[in-house]
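Take a look at the structures below.
Shared between the two complexes below is chain A, which has chain B as its partner in the first and chain C in the second.
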Partner chain A sequence: MRRYIDFYLASMKIAILGQIQYSVANYFYMIGMITEPVIYLVVWTTIAKQQGGMAGGYTAGAFAAYYIIWTLVRNMNIVFTPYGWEWRIREGQLSMELMRPIHPIHGDVAYFAGWKTVVIFLWLPLAAILSWIFKPDFDIRWMEVIVFFLAIWGAYLIRTILLSLLGMITFWTTRVSAIFELYFGLELILSGRLVPMTIMPPWVQNLSNYLPFKWTFFFPIEALVGNMTDIQLWSGFGMQVLWIASGTLFLNLIWKSAIKQYSAVGG
Partner chain B sequence: MTPTISVSKLSKHYKVPEREGGMKAAVISLFNRKYRTVKAVDDISFSIEPGEIVGFLGPNGAGKTTTLKVLSGLLHPTSGAVNVLGYEPTKRSHDYLRQVALVMGNRNQLSWDLPAIDSFELQRAIYGIPVLEFKKTRDDFIDLLELKDLVNKPIRNLSLGERMKMEIVGALLHRPKVLFLDEPTIGLDVTMQRRIRAFIKEYNQRWGATVLLTSHYMADVEALCKRVIVIHHGHTLFDGELSSLVTQFSSFKTLGVTLPNPEVDLSQYGEVLTRDGARVTLRVAKAKTSQVTANLLSDLQVDDLTVEDTPIDDVIDSVFTSTEETK
Partner chain C sequence: MNPIKLALTYLRIGVLNEMQYRINFFIQLLQSFISVATGLIGLSLVFGQVNTLAGWSRSELLAVMGVHLLMGGVIRSIIQPNMERLMDDVRNGTLDFALTKPADAQTLVSVREFRFWQLVDVIVGMVVISIAFVQLKGTLGILQLLGFLAALIMGGVMLYCVWLMVTSISFWVIRVHEISNLFEGLYAAGRWPVGIYPDWLRTGLTFLVPVAFAVTVPAEALTNRLSGTSLLFALGMTLLFVILSRGLWRLGLSNYSGASS
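Right after this comes the complex of A and B.
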């Protein structure tokens, strides 16, 4: 356990040092990412105003709060992508990672976790500017802050597991971008990334309860900006833990089979 | 003594999809896909004793890298048994991975943007090396490879040779007992190649490590390996001392003759390979070497005469050529 903690701290340090070297590029990247929520925000704020100040139960200020927190959650949700898996298998980079006495996914989780700590600091001034422009309604309790902080890391782990599983398809075939795109389409609708889940038709909301997507987007945002009771907050976090545990189990099973397929083509 | 590496009847076959060119064949292959079996490694056996440095030779596609990948646990063999340090590599146990290293001349594992000194710290954490031991090994290696002025520069700012030296340090910080080196000097200049060879030799002597090396540079093999294994088309062609390879596969010697009169025709003494001013190189059947040498010295005025074995590159080349011809 101590060795893993040491490894995580060392990897996170490497990631932070690397990101600091490119802090300006990172900032521009984050600014670019804000375009998507700002479009959603402008559209929904306009609709809310046209409908007498509210749409789907959200006021303009509630939408602003949702999409400003969205920007942080979205950044926390950036993980090693299936395209990255495709690249590292094709280029032979995975061979070097497999020679280490530590699972490559630990390397991914640790590296991106280091990156996230930089992202959180870079996000604060952006959130301040967005708040100044869009005037969000924030009514936040301490318990919400605590669960939100845990939930963004839970979301990060769930999405890492999901995209790793998707990426591992490349052990069997190296051209899987069509499957990736299908996945991202489903995620867009069923996660709360496009619109808050409560605005979606009841059958979509019902379906999303049985899938992992909403626990990576909608739940962490709602934990902070929604009106959840403490029980709802902790049971939501419990659902995240459940998805992480079952996902890890499944990942291990698939990995055992996938690694036998590895042909180390790229080197 | 128990061998460090033991390979018995190892085969690694790949099923590769195959089709003819053109649209029609492409459409047909959607419904009726044909496969061909490629025997990358086919029924090879060898064992390597602790502390040996063995050269693993063969042309491109011979199966060298595939064998190294099986030995390092990256690939599952199709059949056969492999044992390294008492471990079955395919199980990829962490205890096993902590005792081996695979260095590939064309692969990097150090962070491109950071100075190597930071990446070495990550290697320490990965292998759980005690801090004092890590610092001592790191500093020793930095001194041996003369890297003191470079370890604080980002890797991207280093030359290819400097990067390779850093990669080797990074790969050996955990002091592996077995090294798999796949073309560690590829693309490097002569000085850098020599420096890396000396380091590998020093590491082998200091830590008693077993080394299996592939290289297309015969200078690497001659400098480091007493024993070589030659494979071609996945089969073992030769396994023994490098000097025996020359004896077995070379029936010629090379004579270098320097004459005061460069115009003299020497073709009656042997096959003239090169003529560089007054210096002529002749290829002579090994059995006739003494006689030809005596004749040259008695018939002509000779300023200088040398007798050498055929260069190892030519011997290896003749091994592969003879197998192609007998196929």
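Right after this comes the complex of A and C.
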């Protein structure tokens, strides 16, 4: 256990020191990312105004709050991509990582976790500017802040597990880009990234209850900007823990059979 | 060498190259369908709430989506691959190989790459536009068609100019990949008519990244909203962008020190 903690702390420190040096590049990246929620926000604010102030139970201010918190949650959702896995497997980079006495996924989790701490700091001024422009309605309780803080890290772990599983398809076939795009399309609809899940038709909302996607997007955002009771907040976090636990088990199972397939296509 | 002949030669090489990987056609087709499907779901969510969005009906917005898809295909098949190669060449010093060739350097760096299969998006975009047009029960007069084509071509030229200007920055600043990421984010804003955006954003989408001219104006031509004046204005803007980008490219080139081995 001790060596894992040391490894995580060291990797996170490397990531923080490295990424701070590229803060301008990080900012360009984050600004590019912010256009997406701004588009959704403008469309839905227009609709809310056309309907006399509300659309799907959200006011313009509530939409603003949703999509501003969206930007932080989206940043927390950035993990080692399946395209990275494809490259790692195709080019044989994985061979090197397999030599180390620690599972390669720990390196990904630790490095990106370090980067996240930089991202959260860089995000604060952006959130201030967006709030100044779009005037969100926030009504926040302490319990919501606590659960939100835990839930964004829960979302980070769930998405890491999901995208690693997706990337590991490359062990069996190297034509993966279409599968990845299909996944991202489904995720966009079923996670709350496109619109708050409550605007979706009931059957889509129902479907999303059985899938992990909404726990990476909709739940963390709603934990902060919605009006959930304490019980709803903690049981939501419990669902995240459940998905993390079962995802980890599944990942281990797949990894064992995947690694037998591994032959490093190139390199 | 005649620039058109040069472009056609590179085009042929690009097609021949991509023809080796025919399965990519189906992969590209699937990806286009995924983006059409998510676009349609977005539209149906919006029109589950309202009947028009800022004065645009559902079929009209479908036409906007088609133009956006079509133009996106043009960007990804011709403009973006060439500009990304240029960025890499500037960083690695391999631009020397292009500069020593006896042709106009700007023409050469703009035609070297061609992603044939990305044109699937152009075709799917045309299909979406046609469906929207049938739904609108519109009659396409010859003048309207010419207006649409002119707007489309001018929009494409403007997008190319902006890409060239952004890429020219790489003569001074090395890390510009993040800027192209920013461009992609802004282009996504063209999915909706620029009229819905707040003033500051609409200005940016008109004059900085001319998504307004590339997507909204052609869509306006299709839906009978385009006036001769705005078409003339687009022509003026196109000329301005062409001159500016040529100027910045030459300035950047004079700053290029080359061969960093």
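Just so it is clear, the second predicted complex is superposed on the first by the 264 of 267 C-alpha atoms of A that agree within 3 Å, B and C clash if a C-alpha of one lies under 4 Å from a C-alpha of the other, contacts with A are read in each partner's own complex, and residues count from 1 in each chain.
Just so it is clear, a residue touches a chain if its C-beta (ideal position, glycine included) is under 8 Å from a C-beta of that chain, and two chains touch if they have at least 3 such contacts.
Quantities reported herein were computed from a predicted structural model and do not represent experimental measurements.
Asks: Under the stated touch criterion, which partner chain does A:M99 make contact with: chain B (first), chain C (second), both, or neither?
Replies: first
Asks: May I ask you to decide whether A:A65 touches chain B, chain C, both, or neither, giving the answer as first, second, both or neither?
Replies: Touch status of A:A65: no partner.
Asks: For chain A, give the residues common to its interface with chain B and its interface with chain C.
Replies: 22
Asks: State the interface residues of chain A toward chain C in the complex, per the touch definition above.
Replies: Contact set of chain A toward chain C: 22, 25, 28-29, 31-36, 38-39, 42-43, 46-47, 50-51, 55-56, 133, 175, 177-178, 181-182, 185, 188-189, 194-195, 199-201.
Asks: Which residues of chain C touch chain A once you look at their complex with the stated criterion?
Replies: Answer in residue numbers: 23, 27, 30-31, 34-35, 37-38, 41-42, 45-46, 48-50, 53-54, 175, 178-179, 181-186, 188-189, 191-192, 196-198, 201.
Asks: What residues on chain A touch chain B, complex-wise?
Replies: 3, 6-7, 9-11, 13-14, 17-18, 21-22, 92-93, 95-102, 259-260, 262-264, 267
Asks: Which part of chain B faces chain A closely enough to touch in the complex?
Replies: 14, 69, 72-76, 92, 94-95, 97-98, 100-102, 104, 106-109, 111, 113-114, 118-119, 121-122, 124-128, 154
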